[in-house]
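Both complexes below contain chain A, partnered by chain B and then by chain C.
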Partner chain A sequence: MDRIRELVNLIHSLAPKDKKLKIMNVCGSHEHTITYSGLRSLMPKNIELVPGPGCPVCVCSESDIINAINLSKRDDVILATYGDMLRVPTKVGSIRSSGGNYLMVSAPHEVLKVALENPQKKVVFFSVGFETTTAPTAALLEMGVPDNLFILTSQKLTPEIMEVLVNDSEVGVDAFVAPGHVSAIVGSKAWEIFPKNYGIPTVVAGFEPENLLLAIVKILYQIKKGKAELENVYKGVVKPEGNRRAQELIYKYFYKTSVNWRGIGYIPDSGLELKEEYGYLDAKKVFNLPEIKEEKVPGCICHEIVLGKSYPTDCKLFKKVCTPRNPKGPCMVSHEGACNIWYRFS
Partner chain B sequence: MKVEIGHGSGGRLTRELIEELFLKHFDFSELHTLSDATYLQGFEKIAITTDSYVVQPIFFPGGDIGKLSVSGTVNDLTVSGSIPNYITASFILEEGLDFSELERVVSSMAKTAKEAGVKIVAGDTKVVERGKCDKLYINTTGVGRVVKELSPKLVEPGDLIIVSGSVGEHGISISLAREEFEVETEVKSDCAPLNSLLVPLFKYEGLKFMRDATRGGLATVVVELASCANLGALLYEEKIPVREDVKFICDMLGYDPLYLANEGKAVIVVSKEEADSVLKELRSHPLGKEASVIGEITGQSGVFLKTKVGGLRRLELLDEDPLPRIC
Partner chain C sequence: MCVGVPMKVVEINYPMALAEAKGVKRRISLMLLPEGEVKVGDYVMVHVGNAIEKIDQKEAEEIWKALEEVIEAMEGGS
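The block that comes next holds the complex of A and B.
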C-alpha cells in the first residue's frame, strides 16, 4: 500500500503541468486492472489512460460471430468458445441469444475432451483473441486432434494493429503500455519499433496495479527526459525474445494475413488463418463459411475511438441509442471497450 | 423407482407420492389434514414472500435445491424484519426423475425447515413430460410475523453497512458444480437459513435495512438500496471478506466477487451508534463470525468502492450473469 502511494505521488510530481498526455493500453486485462482498481481516479487530471484496440471481444469481426452462430444451429455441430464471446451482439443476436448447440470453455484443450466425448458430432472451436490465445490453440493442434474437431479462427496480432495506430498522423497517443501476456509470447523486442521508429515511449507491464503504476512512472520519466525507449517492468515473465517454442508452433499452423477488425476494417497482416495444408481442420473451409458483409452503423465512430482519435462522448450515438444493453458499435460491447467504460464510469 | 406422469395425475399415484414421500418428511400436523387449504394461526401483521428455485445442478457442494428453497424464503422473510413461520412448497417434477433424488431433496427441505423453525404447511405436485423441465423445480411461499418494519427510507447518511460474512461462495460453487471449469477447490455454497442469526438484531433501534445478497451479489444490493433511498454509499474493498480460494478463482476467470450470488449472507444497514453492538452480536453466532463493517451511506448519489490501492470505482447494478473473460 505504501509502495502504491509512493508511485501515485511520483506520477503526480512527474506529470507535465502544461500539457495533456494520452497513455494507451492495448490489452483487455490491463483495462480490467485499470477500471477494477480505479486507477484513473488516482491520475492527475491531465493524464488520460485510454484503451486501444486491446479488447479481443470488441474487435472480433461480426462475420466470424455470425458464422459461429449459424454453425451452432446445425444439428451435427457443437460450438465451443470462451465465456465472454457468448454475449457479443451482432445484427442477428449473440451466440447465447441466437445460437443453438454451444458451450463455454476456459482453455482450448478442454475442447479435446468435448470432441472425444461426442464422436457423432462435429465440434467447432471458435478460437478468438490475440497471441495469448493463439499459442494454446496451436498447442492443441500440435497434440493431435480427433477427426471431428475443427477450428473457426478469428485470431489477431497486437504489434501489427499498434503500428496502424502510430502510422495514422491524427492519432495523438503519447505512450504505450504494452501488454504483458502478449509480450510473454512475442517478446518485448516486438515493441522496439515504437520508440525507435516513431518516438513513442513504450513500457511492457504486468497486471497488478502496482506494476501498471510503475510502467506509468517509467513513461513519465522518459517524457520528462525527452526520451523514447522500450522498457520492461514485467521481466519475471517477459523475455526480450519471448517464448520461441510458442512462436514456432503458431507459425507452424497459422500464417499472417489481412483480417477484419470490427469497426476498423481489414488491416493487412494483422491476423492469422490456418495454413493451406491444415485446411481439413479449418471450419471456414470444411463448412464453406461465407464472408458476411459488415454493415457500418451510420454515425458510429468506434473506428476512431479504438484508434484513440476520438472520445466516446464525441459520438452522436453514445448513451442515446448505443448502450451496453443495446450496443451499436464494438467499443460498447464488452466491459473492456472504451465506450462501455465511459458509459459506466463517467 | 422413477417419477411417472401418473404421479401428477391427481389419482392414486399422486396420493401415494404425497403420503409415502412428502408427508413422511414434512411432518407438520397442519399439512396432514390434506385439505384444499390449511388453517393457520393469524398474526396482526404478516409478511409474505414467494420464490421459485430452478438451480442446476440440483445438488452442489454445500447444499441442494431443497435446502435452497427453504433457506431462500426464510431469508427473504427475515431480512424484512419478520419471524418466518409457515412455508408452502410446490414441485414441478420431470417424468423419469429418480425417487431417490427426489427424496434427498425433500428430506433436505425438511431438515432445513426444522433447523429454521418453520413449518411446511401446504403444497402441490405436478409432473411434466421428460425434457419439459430439468429434474425438478420448486416454488416456496413463506409467511412470517412482522416484528420490525425495515425500509430503505429509514436509511440516512452516516449509517454503516455491514455484511454478515464472506461473499461469492455460492456463485463459485455453482459454477464449478456445473463443471464449467477444470478447477478443484473446496469452495462450498454458503446456503443457509439466516433467521437465527438475524432475528436477534430486531431489538436494535438503529437497525434500518437488511437484504440477503443473492443474485447480483453484494454490489447490486447496495446499489439498489442507495437508489431506493436516494442516497449514495462508499464501500471499502479491504473490509469486504472474501475467501482466498474465491479470490483466486475470481482472478483467474475475471469474475468480481462483489457481483457473485450468495445464499447465506445479509447486508445490514445500522446507525453508527449501534453498529458495534450489532457487529458483536453477529460475530457471536457461527454464521456471522466474519461479519464486517464494509462501508457507509453517503449523502451524494452513486455507490463507490475504495479499492485496495486507494482508487475509486463506481459500482453499478449487475448487467448480466458474469462470464469468464478471454484473457
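The block that comes next holds the complex of A and C.
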C-alpha cells in the first residue's frame, strides 16, 4: 500500500501543470485493473486514462458472428467458440439465443476431442481475438487436425489498430500503456514505432495496480524530459523479441490482410486470415460464407468507445437499457468490454 | 478470454502438459514453446489453454496475488 501511495504521489508531482494528457490502454485486463482498483480517481485531474481497443469481442465483425450463428443452425455442424462470444448481440440475435448446436471451449485444443468424438459432424472453431488467441489457434493447427475440423477466423492485430488510432486526430493519444500478454507474443519491440515514428511514450505493463502505476510514472518521466521512448515494466513475462515460435506459427498458417472491425469498417492489414494453402480448413471457403451487411445498434456507441473517442457514460443506453444481463452492444458483453467493466465497478 | 493465468507444470507429454494453479489442474498445450524448454516444476503464463511464456516462481506468485482479486470480482459481477 505504501508503494502505491508513493507512486501516486510521484504521478502528482510529475504531471504537467499546463496541459491535459490522454494515456490509453489497449487491453481489457488493464482497463479492469484501472476501474476495479479505482486508479482513475487517484490521478491528477488533467490525466485521462482512456480504454482503447482492448476487447476482441467488441470489435468482432457482425458478419462473422452471423455466419457463426448460421453455421450453428445446420444439422451437420457443431460450432465451438469462447464463452465471451456466445452472448454478443447481432441483428439476428446471439449464438446462444439462436439455439443452434454450439459448444463453449476455453482452449482451442479442446475442439480436437469434440471433432474426434463426433466424426459424423463438421466441427467449426470460431477463433476470435488478438495475438494471444491467434497463437493458440496456430498451435492447434500445428498439432494436426482431423478432416472434420474447420476454422472460422476473426483474428485481429493490436499494433496495427494502435497505429490507426495515432493517425486519428480526433482520438489524440499522448501515451500508450501497451498490453502485457499481447507483448509476450509480439515482443515489446513491436511497439517501437510509436515512440520512434510518432513521438508517443509507450510502456509495456502487467496487470497489478502497482505495475500499472509504475508504467504511468515512467510515461510522465518521459514527458517531463521531453522524450518518447519504449519501456517495459513487465520484464518477467515480456521479452523484447517476444515469443518467436508463436510468431513463426502464426505466420505459417495466417497472412495479414484487411479485416472488418465492428462499427468501424475495414482496416488494411489489421487482421489475419488462413493462407490459401490451408483453404481446406477455412470455414469461410468450405461453407462458402457470405459477407453480411452490418447494421448498427441504434444508439450504441461501442465503436467510438473502442477507439477511445467516447466513454461508456457518454452512451444514452449505458446502464439504462443496456446492461450485462441484457446487452445491446458488444462492449457490454465481455468482461473485457469497457461498458461491462464500468457497469460493474464504477 | 484474454486473461492470462500463471500455472505450475506438473506433468509433460509434449506438446501437451498438465498444469496446476490453486489446486486446480488443467490440460495445457506447450506447442508455443520449443520442446524441452519447459520442465516439470516450471511456471508458465497460460492463455486460452496455451503456455505462452516461461516465468519464474516469484513472478507467478505476484501475478496470482493480483489475479485473485480480479477473479473474485468477476465471480461477484455479472
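Here, the second predicted complex is superposed on the first by the 296 of 346 C-alpha atoms of A that agree within 3 Å, B and C clash if a C-alpha of one lies under 4 Å from a C-alpha of the other, contacts with A are read in each partner's own complex, and residues count from 1 in each chain.
Criterion: contacts are C-beta pairs under 8 Å (C-beta built on N, C-alpha and C of every residue); 3 or more make two chains touch, one makes a residue touch a chain.
The structure displayed is predicted, hence computed values, not measured ones.
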Touched partner set for A:219, first chain B, second chain C, both or neither: neither
Of chain B and chain C, the chain that contacts the larger number of chain A residues: C
First, second, both or neither for A:178, with chain B first and chain C second: neither
Which superposed partner A:245 touches (first chain B, second chain C, both, neither): second
First (chain B), second (chain C), both or neither touched by A:8: first
Touching partner for A:204 - first (chain B), second (chain C), both, neither: neither
Which superposed partner A:106 touches (first chain B, second chain C, both, neither): both
First (chain B), second (chain C), both or neither touched by A:325: both
Partner chain(s) touched by A:142 [first = chain B, second = chain C, both, neither]: second
Contacts of A:83 with chain B and chain C, given as first, second, both or neither: both
Residues of chain A contacting chain B in one complex and chain C in the other: 28-29, 32, 36, 56-57, 82-84, 106-107, 110, 128-130, 132-133, 181, 209, 324-325, 336, 344-345
Chain A - residues contacting chain B, complex: 1, 4-5, 8, 28-29, 32, 35-42, 56-57, 82-87, 104, 106-107, 110, 128-130, 132-133, 181, 209-210, 213, 324-325, 336, 344-345
Residues of chain A that touch chain C when the two form their complex: 27-29, 32-33, 36, 56-57, 82-84, 106-110, 128-130, 132-133, 135-136, 139-140, 142-143, 180-181, 184-185, 206-209, 236-239, 243, 245-246, 249, 324-325, 334-336, 340, 343-345
Contact footprint of chain A on chain B as seen in their complex: 180-182, 253-254, 256, 305-314, 316, 319-320, 323-327
In the complex with chain A, residue positions of chain C that touch it: 1-4, 15-16, 27-29, 31-34, 45, 47-50, 52-53, 55-56, 58-59, 62-63, 65-67, 69-70, 73-74, 77-78
